[in-house]
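Listed next: structures, encoded as structure tokens.
Each of the two complexes below includes chain A, the first together with chain B, the second together with chain C.
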Partner chain A sequence: MYIVCVTSCPAGIAHTYMAAANLEKAAKKMGIDIKVEKQGIAGIEDELSEEEIARADGVIIAADISIAQKERFEGKTIIECGVSEAIKNPEGVINKLIEEVKKNV
Partner chain B sequence: MSKVNHGELIRKALMTGVSYVIPFVVAGGVLMTLSVMIWGVDAVKVEGTVPYIMKQYGASILGLMVPIIAGYISYSLADRPGLAPGMAAGLVAVQTGGGFLGGLVGGLIAGYVMMYIKKIKVNKTFMGVMNFLVYPILGSLIVGIIMLFIIGKPIGAINTALTNWLKGLEGINAMILAAIIGAMACFDMGGPVNKAAFTFSLAAIQAGIGEPYAAFTAAKMVPGFAMALSALVFPKLYTEDEQEAAKASWVLAAAGITEGAIPFALADPLTVIPSMMVGGAVASAITRWGGASLLTLGGSLFTLPLTKNAWALILGLVVGTIVAALVVSFLKGLKYRRKNDLKTANGGN
Partner chain C sequence: MEIKEVINEKLIELDFEASSKEEVLNHMVEMFYKNGVITSPQEFAKDVFEREKLGTTGVGMGIAIPHGKSKAVLKESIAILKLKRPIEWESLDGKPVSMVIMLAVPEKDADTVHLKLLSRLAYFLMDDAFRDELMKAKDKKEILKLIEKKELEVA
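Up next is the complex of A and B:
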């Protein structure tokens, strides 16, 4: 299982990075490969490449604002949630995506 | 695609607008306030001089605020085609006196208009023409007609009424409003409720009223300082991780970043959040009582020199921090004792 994520919050200073850190931590614990792109006040950090998106089984968008370049994920299994949900309950968010992925197989 | 949740869509659009407008307000507000600070209120009024030009420069950047927020609200709803009609709507909002409120409404209208225009299906050959010519022209035309001739004036009137109400607020009413802003700022520490209070303060800045943002600034620093203070005085109420977080939380708080206190709130929300809200409300009310005013974003200890009546903000912050720290220590102390009582009771069995 390989998933890619985008996190983004209005100020782009703290929540964006906390959500990213917690998603990464949770995925590691669950034995899932993950890459998280941060869209904060500095712009896009750790940008997902085309190849990474193509390889991903699913996409998590944890954002309180509209993210940039969402069209990259067209045709993918996507779940969207607020940034704070990804901070508080990253395992839950990842599990939700896994369920969706299984449904679409 | 599943059914669209318009409430969620609009909330996200407003937050996107706010997100993109922040740097403009930081730059414009600081440059404007700095020129007044350096050269004085009278010097910046003499046309053609450097002080005058610099103050105007800051003011023009601040003037971009409404078009930018409207543009990015619309962008959030309709993607790139939304940007031009959205900014156009914001421009009209400025001209018709709609201010910040006009910008929010105009941006939403532009976004929805573009969302529907984009649904017009055309032959693939003509898609380029649609994108290049039809979207911007038709979109700006429709949005312009709505804003200029239908809702521009009424919104201008509402905005003026709101601004006058805010300016006329005095004494206890002003302090109550400030206390609400402060409590909201501390409710979710940088989350949606905090951002709602922030957006309100932003709207006030746009109307040239700096008191709400000064109140917001005092409150948003309270959680970080209060948790650090409580953890310093009563270390046994906190886990090792929390004591570590406390060391960072006051630094973040000094920079005006409330998020440093989130680990505490997550670990024990029912104790921490109400305590911080009380402290934040106290901090804001005192700040407003003393007439502190801040017209630039990025509010923190570093913007104190730019703050009018900064003493009130400092006083509010200190008192608010002590109150929040006392309440949270007391509540945590109760919990701690109860836990220990249970332990002794179990040990006795």
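Up next is the complex of A and C:
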């Protein structure tokens, strides 16, 4: 399983990065490959490549504001949640995506 | 890149006694003001409290990370306040807060390198080992050293 994520919050200073950290930490624990793009105050960090998006089984968008370049994920299995949800319960968010991915197989 | 460009010992205080979140936020705003980070405590406080309204900055595990992007901020900075007794912060995990890390960011033309230092600290705080060490640290120098060491790991 390989998933890609985008995190973003209104100020783009703190929550964006904490959500990314916790999604990465949870994925590692669950044995899932992950890449998280941070859309923060300093711009886009760890930007997802076309190849990475194409290869991903699913996409998590953890954001409290609308993210840039959402159209990149057209046709993918996507779940969306608030950025706090990804900080608080990253495993739950990832599990929700896994269930969606299984449904769409 | 030196962590000292965004935090110093004067922006760290230990064993602060507070009874409310508002008291903590106002005290940290004063810390920034006394250190020449902001031009107006009233204006910066307003922006910090506005941010609080958008959703909790109590991210769980005993820490809170309030922040403000404000016209009153002259340079990107971090302040750390450790509390003598944990206080209620409407945290994501419902637990009281014993360490508060406040971030100050200018509204315009912020220094990208400094911003990355600030956001990386937020990222590092989710690392259990790093957070535990910070929570246990007993003096200011030790706190600075821990942050510096962590920043160097990824530099």
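By definition in this document, the second predicted complex is superposed on the first by the 105 of 105 C-alpha atoms of A that agree within 3 Å, B and C clash if a C-alpha of one lies under 4 Å from a C-alpha of the other, contacts with A are read in each partner's own complex, and residues count from 1 in each chain.
The definition used in the following text is that contacts are C-beta pairs under 8 Å (C-beta built on N, C-alpha and C of every residue); 3 or more make two chains touch, one makes a residue touch a chain.
All of these numbers come straight from a predicted model, not from anything done at the bench.
Enquirer: Have a look at chain B and chain C on chain A after the superposition and call it: clash or fit.
Expert: clash
Enquirer: Quick check for you: in the superposed arrangement, does A:36 touch first (chain B), second (chain C), both or neither?
Expert: Neither: A:36 stays clear of chain B and chain C.
Enquirer: Tell me which partner A:84 touches in the superposition: chain B (first), chain C (second), both or neither.
Expert: A:84: touches chain B and chain C.
Enquirer: Pick one for A:66: touches chain B only (first), chain C only (second), both, or neither.
Expert: Only chain B; A:66 stays clear of chain C.
Enquirer: If you stack the two complexes on chain A, which partner ends up touching A:13: first (chain B), second (chain C), both, or neither?
Expert: In the superposed model, A:13 contacts both chain B and chain C.
Enquirer: With both structures fitted on chain A, tell me whether chain B or chain C touches more of chain A's residues.
Expert: C
Enquirer: Check whether A:93 is in contact with chain B, with chain C, with both or with neither, and answer first, second, both or neither.
Expert: Neither partner.
Enquirer: First (chain B), second (chain C), both or neither: which does A:21 touch?
Expert: So A:21 only meets chain C here.
Enquirer: In the superposed model, only one of 2-10, 110-118 or 128-136 in chain C has C-alpha atoms clashing with chain B. Which one?
Expert: Only one listed stretch clashes with chain B, namely 128-136.
Enquirer: Residues of chain A that sit at the chain B interface in one complex and at the chain C interface in the other, please.
Expert: Shared contact residues on chain A: 10-15, 18, 41, 64, 82, 84, 87-88.
Enquirer: Quick check: in the complex, which residue numbers of chain A touch chain B?
Expert: 9-15, 18, 41, 63-66, 71, 82, 84, 87-88
Enquirer: Could you list, by residue number, the parts of chain C that touch chain A in their complex?
Expert: Going by the criterion above, the answer is residues 51, 54-57, 59-60, 65, 67-69, 92-93, 103, 105, 110, 112, 115-116, 118-120, 122-127.
Enquirer: In the complex of these two chains, what residues of chain A are touching chain C?
Expert: Those residues of chain A that touch chain C are 10-18, 20-22, 25, 38, 40-43, 45, 64, 82, 84, 87-88.
Enquirer: Show which residues of chain B lie in contact with chain A when the two form their complex.
Expert: The touching residues are 12-13, 15-16, 18-19, 22-23, 75-77, 79, 188, 190-192, 195, 252, 257, 259-260, 262, 266.
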